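First chain A sits with chain B, and in the next complex the same chain sits with chain C.
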Partner chain A sequence: MNAETIIVVDDEEDFVDILRQMLEPAGYRVVAAANGEEGLAVMRREAPSLMILDVNMPLMGGYEVCREVRADPRFFELPILMLTIRNRDEEIVRGLEKGADDYLTKPFDRQVLLAKIRRLLKRVR
Partner chain B sequence: MTSTFKFLAVTPDLRRLEALRSLLGGAGGKGEAIAALPLSDDTRLPDCAALFMDADAAPEGQALRRCRELRSHLHAASFAIILFGSGRGGAALVEGLDAGADDFWQYPFKDSVCLAYLRAILRRLSRLRPQERSVLSGTLSLDPSSRTATLGGKELVLRSKEFDLLYYLLQHQGTVVRRDALLQAVWDYPEAIPTRTVDFHVSQLRRKLGRAGKNLETVTGMGYRFRADQDQA
Partner chain C sequence: MKLKSQDNLVLFAVAACAAALEALIVSLWAAGGPGGAFLLGMDRFLILSHAYLFAACAAIYLMGRRIIRPIDAILEGITLYGQGRLTHRIPHSKIQELDELARNLNRMAARLGEVDAMKNDLVANVSHELRSPLSAMESYVKLLLEEEGFSKRARENLRRVDGNLVRLRLMVEELLDAAQIESKTLKLETHTLDLCRLLRDVVSLYEPLAAEHGLRFELLPCEKGLTLFADPAKVRQVLGNLLDNAVKYNRPGGSIAISAKPEGSAMSISVRDSGGGIPAHLLDSIFERFRRLPPTPGTAKVRGAGLGLAISRGLAHAMGGTVRVRSEEGVGSTFELILPAGGEP
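Right after this comes the complex of A and B.
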């Protein structure tokens, strides 16, 4: 099976490990980056199928990453799932307006995360 | 998201229908409501950008079944499907997503959040099949199949590259597109080279667009953005 690669951009190492433990058994390959700048570099190198993106990170935050991804012709179609502790309505609206395709707040339900990923990875003909 | 979009809402519940109408109407949605979708042996697909189905409507599970049927059609991925209902927690969302819906909205709706999700979904769909559709913003409309552009109901005469450039920017309405991305998409240039081509065409377009030309914004140091119509005060 050809595993889809998911890039996780989040500065909390423990959280990245938790995600890894959720995603790898579901058949995904996980690559990680600890901030936005590194995230963009890893994305360009690994060409992932989907990005899971935190908002608050050092160096370059999630909103700026969204803008950079959408401005890159190779990646402007990359599905971005924002996964963050920011759970106020206006924060959700802001994340989606900044270019995220979907949004999930921490803590979250593993089944919901996996269902959102499956849906975002469905190719549209 | 384009300034207007067609939606179809399917629910027997008049209060839910009214809630959807006011929510979507505020975002430029123009739509109709029906009590039930055509039977599954009807192969026609709903002619809309977004289809809303009440997950609680009888018989039980019908909305999910219909969702799966629609998604099994070859071209059914071109519109958004949003289920809504009283379901709490993640189960209804997971079920809906796996049936091919793009989202599940809990009723009563949180308007601002729902709209943001809808915009994100429509934006993603238009990114994924960029070739066939007409794009529009306000009274400006570009049809790629006939290669015609109209502004305020009158034909807008554009040169070929002007059409392609404007079409590309409208497809990415609201987001900044880099100069090198434009050179690649419109002029087939393999890599960034120093040229004023894009800037020249943008200024031509601004002139031809008249008042609507102000939506074609220069983003210093990055590129250009066609401002989404809803951003206008």
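Right after this comes the complex of A and C.
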């Protein structure tokens, strides 16, 4: 079976690791990037099926990455699951406006994460 | 009635002026009266001295007013500073000493304001920075709890670590909320909201918690078409906090009732519990920060940092409303959230 690749863009190593531990046992291949620019480069190289993107990152933040992804003709349909810290309405609204497809707040539940990913992947297929 | 010094001054000056004026008229009359064909030195002296007296009284009145006005302004300023309104500035005065006093008080208030802002920034930054590692720890513990092969004891210990991490995270979030409310950096997204629908949502969310604690939870009939003009997330936060308290401070087998009614141009949402009530002398202080009453034994655990009601009232104020409380010992407490009514739904 050809494992689907998910790219995780988060400057916090712990959350990259946590996501890896949650996603790999479910059969996904995880590639990671620690900032926005690196995230875009890795995305173009690996052509993942889904992006998990942290909103709060130094340098190139999540919103900007969102915009860049949507502006790229190869990836404008890539599902983006945005990660925010806590339920901050303004962050969630802004992320969805910039092109994210769904969001999760840290800390998140593994089952909820997997359900959201399955739904997003089914939609593009 | 207590007279202010300004009023006393007016009374004194008017009386003195009247007396001087009367004396002046009497002496003038005496000078022009019988045997007054030629003014005697004594008459002249009397007229002049009374004229001077009149002028002096008027001068005292005017000068007194000039001194008392700025003192009143300073007094008003100090009262406002005492209430924490540190952005007020006392107007300048033409009297040098009083002007200096006013300027120094203004500088003090500005400095207090800066220190307050620094404290809020510090709390906001620290709690913001703490959130991330706490979330990571919580996630790791949850991953551990999913593993098999732990002894029963180890699993129980992990569950306790998890519970404490959740508590710690909630406290940090409360601190951040409080700091944002105080520094007025809170962002609100206000809309017209369907009040009854909002209440039904909140009730369905809190029913399981109430049931878990053996409490009856009812939404009293809600009149259709009632609206609020508020930030939905913040209203839910306030109601959630009031309901948390209603569970925490209830008696076993008690009840919680939630109801809504219009009140002038505002809406009043009441959360009534059947707990032990709050002693009258504590009613004012429960809205202060870090104030917490002991919960009813055997009910929910105390969570958060004791900022819940302070935050709730702060949020209500930010939306143009308030939170009030009525309580009767042994019967229960009713917390009322007052918010501006909205337009057409």
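Assume the second predicted complex is superposed on the first by the 121 of 125 C-alpha atoms of A that agree within 3 Å, B and C clash if a C-alpha of one lies under 4 Å from a C-alpha of the other, contacts with A are read in each partner's own complex, and residues count from 1 in each chain.
Keep in mind that, in the parts below, a contact is a pair of C-beta atoms (placed from the backbone, for glycine too) under 8 Å apart; a residue touches a chain by one contact, two chains touch by 3 or more.
Computed from a predicted structure; not experimentally measured.
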* Now for A:Val112: first (chain B), second (chain C), both, or neither, which partner does it touch? -> first
Q.
Quick check on the superposed pair: does A:Phe76 touch chain B, chain C, both, or neither? Answer first, second, both or neither.
A. first
Q.
One more residue to check, A:Glu90. First (chain B), second (chain C), both or neither?
A. both
Larger residue footprint on chain A, choosing between chain B and chain C, goes to B
Figure out whether A:Lys122 sits in contact with chain B (first) or chain C (second), or with both, or with neither.
first
- [ ] Considering only touches as defined above, state whether A:Met22 meets chain B (first), chain C (second), both or neither.
- [x] second
* Asked: Does chain B (first) or chain C (second) touch A:Asp14, or do both, or does neither?
  -> second
Going through chain A, the residues touched by chain B and also by chain C turn out to be 89-90, 93, 109
The residues of chain C that touch chain A in their complex are 131-133, 135-136, 138-140, 142-143, 146, 169, 173, 187, 189, 233
Chain A partner, complex, touching residues on chain B are 74-75, 77-78, 89-90, 93-94, 97-98, 100-102, 110, 112-113, 115-117, 119-121, 123-125, 127-129, 172, 175-178, 180-181, 184-185, 222-223
So, in the complex, the side of chain A touching chain B is made of residues 67, 70-73, 76-77, 79, 89-90, 92-93, 96-97, 99-103, 109, 111-112, 115-116, 118-119, 122-125
Note: in the complex, chain A contacts chain C through residues 12, 14-15, 18, 21-22, 85-87, 89-90, 93, 106-110
